[in-house]
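So, here come the structures, one by one.
There are two complexes below, and they share chain A, which is joined by chain B in the first and by chain C in the second.
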Partner chain A sequence: MDAYITKIKEISERLLKDGTVEAVIGFRQGTVPTMSEPCMIKRSDDVKDLVWDSNCRINLCNYLTNRKEKLAIVAKGCDSRNIVTHIIENKIKRDQLFIIGVPCKGMNDKNTGELQDNCGTCTHRNPVIYDELVGDLVEEQTDVDKYADVKKVEALSSDEKWNFFNDLYSSCTRCHACRNACPLCYCPTCFVDESKPQWVGKADDAVDIRTYHFLRAYHCAGRCTDCGSCEAACPQNIKVRQMTKKLEKDCSELYGWEAGLTLDERPPLDTFKVDDREDFIK
Partner chain B sequence: MGVEPGRLQFSWISSAESTKFVDVVKQVTESVKELGPNEKFIKKTVKVS
Partner chain C sequence: MKVINIDKEKWASGVESLTSTYRLFGPVKEDDSHNFKELKKGELPDLAYGNSKLSPKSAVFPPSEAMFTYSLDEKNENHHILNDVKKDYSPRAVLGIRPCDAKAVSLVRMNFDTKEYRDPYWMDAFEATTFVGLACDNPCSTCFCTSTGCGPFSEEGLDVLLVENGNAYIAKALTAKGEKLMDAAGFKTAGDDSAIAAKKAAAEAKITASIETDKLSEKVIMDLYDAPIWDDISFSCINCCTCTYACPTCWCFDIQDENKGLSGVRMRNWDSCMTPLFTMHGSGHNPRSQKKQRVRQRFMHKLKYFLDKYQKGIMCVGCGRCVQQCPVNIDIRTVSKKMNDYVAAS
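Entry: the complex of A and B
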């Protein structure tokens, strides 16, 4: 970790000094312990503020949307996959970016201090796209069952599922932190904020809460990299990923797709293939 | 999600396939009637007395 941050600072300072980039997006010490917060460093003197520890769980790709200037970004495996998704979706151009790749062994859970749930089953710890690495590539995990918890929910009857999700979201206050932390949620006006027409109620009615989580998850289908930003941002510690992960599993099973691995292929939900599954259509 | 299978159905019907449309609508209506009214997605209205 120490070697990583020395290297991150060194690269950032160099890029800012020679004018390759206008700003570096990284992490600095947060205002509370175990929370490192995203920051944008614009002057080479401020590079000293950058930190890298096991609390850098937020996905920095979120801050790239529609930027026009040249930027450097510190990217873990999941961040880099979201950067790929951003490039595919024309939210940023590759040549605007200098990606400082950080091979990652997982971030710590903000409450328990143990390895985050999604990091435990991560199979893309190394950045898939980068300009410079801050350390040697780490070994990727194999034989992990990414979807063990999703399978458990799938096995429930429809009434049991209903109750399961009722319990899951019972403490949700609709603060929308999961949406704000998500690099995929960049719509200029989110469907929950729209009032003409108003798609979903704005209060904390159980039906509205469910509709919000359900629809947000669907918007992330085939794009979600399971980076865990949503869960890390949730002040109520709701397992938001239960829903997004199911969609991730479906995309992997139905289309053999994992988001953000290549710039050369369109995601399954914005392209058509003759062998797409259609047996659910009458 | 907890929505009963059968309540949500997909079909692809061309504007020229009127008979298929009628058949599908009949089928969907039947299967939904079998399931009965949807008790789940109901918002409780606040009572002011």
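Entry: the complex of A and C
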């Protein structure tokens, strides 16, 4: 980590000094032990504020949406995959970016201090797209069972599933931190905030809460990188990835697709092919 | 003020006696955190808690509350007429509220109980409530109540203050409401509050975090508003409602009509100045369309507008919830320091 941050600072200082970028998006020291704060550094004198540690869990791609200036961004494996998705979806241009790639060994859970759940099963720790790396590539995890928890839910009966998701979301306050921490959720007005027409009620009704979570997950299908930013953001510690991961698994099984690995192919749900399989439509 | 000694062994039966006259609310452990809930029959508040995840404001200000019902069916004689929703404002008690959260209730009251307006829902619930506080012997690392005009043994906003003392609670019944509750619980043994001063000093000494606000009142509003600090402060904010929903002093709400077929309910729901929808006008214009404007609003409201308007300190009691829960670690103490230190170029 120490070597990483030295390198991050070095690259950032160089880029700011020579005018390659107007600003660097990274993390700075937090005020509580388990947190680091996303920040934007504009002056080369301020690169000293940058940090890199196991609390850099929020996905920084979130801060790129619709920006116009030239930027450098510090990107772990997952951030880089969301950057790919952002580029494909025209939320940022590749030539606007200088990607400082960080080979990642996982972030820590903000509550337990242990390896974050999604990091334990991550198979793309190395950035998939970058301009410069801050260290040697790390070994990718191979024999992980990414979907053990999803399979457990799949094995439940319909009633049990209903209860499972009811319980899962029971403490949700609809603060929408999960949505807002997600780089994919960039709609100018989210369907839950729309008032004409009003798609969902805005009170604390369990049906409306479920609707929010189900629909958000579907909007992320084929785009979600399982970066865990949503789950890390939730103040109620709700395992919101239980739903997004199911769709990630479906996309992998149905289309052989993993989000954010290439700039050359569009995600399965925004393309049409005449030879698409359709045997899963019942 | 009356001092009463409550033997911990008698606590459960006392709480049980209260259930005949009061609806009880208290901290309940759910998964890994506590929240204030209405206690079920036989359920005791879990007084071994640090601080609840959400503040107890929901006991008087629920996240969602029905105000009126109406019918849109023109065949119905009373169509398009709002009917009050009957509410239960029988006596209720919040057991084990922390002193910071109780002070927050009195700050919120300044907004809901003014010369011009009395918010009937909040005020009726407030007046029905007896607040039984629990002094903090072990403040959390993020608590900074001693620098917000409050403290771990503060009595403001409380009807009773409980101080844990070995096998007993020393109860200070601070108001008539508080004495009535103590009577109803059968807690009558006269006590001695001489142990409190030392415990209070010990608890206060444990609080090392603080917020700097001493120069805020002399600042010019527009200087702070235009200060070049807000871009940096707001950069990381994701504009969720974590901080404002968790905060005991945030009082904002939204009014929504929810229709199902031809009948409907007019609800009021917690709202938050962090969302764009909060200030969206019917015309489509949004005076706070940018994140920076919204973040500035939150801190200016808490640390400047409120301070200037009421002259009763800042609109923050130092509970530390927003500090602990903000997904990107925006810290009101850091922001306050930046505001406090800011000197406008002349």
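The definition used in the following text is that the second predicted complex is superposed on the first by the 278 of 282 C-alpha atoms of A that agree within 3 Å, B and C clash if a C-alpha of one lies under 4 Å from a C-alpha of the other, contacts with A are read in each partner's own complex, and residues count from 1 in each chain.
Heads up, the rule we're going with is that a residue touches a chain if its C-beta (ideal position, glycine included) is under 8 Å from a C-beta of that chain, and two chains touch if they have at least 3 such contacts.
Please read these numbers as outputs of a predicted model, since none were measured by experiment.
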Partner chain in contact with A:C122 - chain B first, chain C second, else both or neither: neither
When both partners are placed on the shared chain, which of chain B and chain C touches more of chain A: C
First, second, both or neither for A:I83, with chain B first and chain C second: neither
First (chain B), second (chain C), both or neither touched by A:A233: second
Which of chain B and chain C A:G201 touches, first, second, both or neither: both
Doubly contacted residues of chain A, that is, touched by chain B and again by chain C: 201, 205
Of all residues in chain A, those that touch chain B in their complex: 158-165, 201, 205, 207-208, 210, 214, 280-282
Of chain A, residues touching chain C in the complex: 30-32, 35-40, 58, 62-63, 111, 171, 173-177, 179-181, 189, 193, 195, 201-205, 232-237
Touch list for chain B against partner chain A, complex: 1-5, 9-12, 24, 27, 40-44
Residue numbers on chain C that touch chain A, as the complex places them: 30-33, 35, 53-54, 63-64, 141-142, 232, 235-236, 238-242, 245-246, 254, 256, 258, 267, 269, 275-277, 323-325, 327-331, 333-334
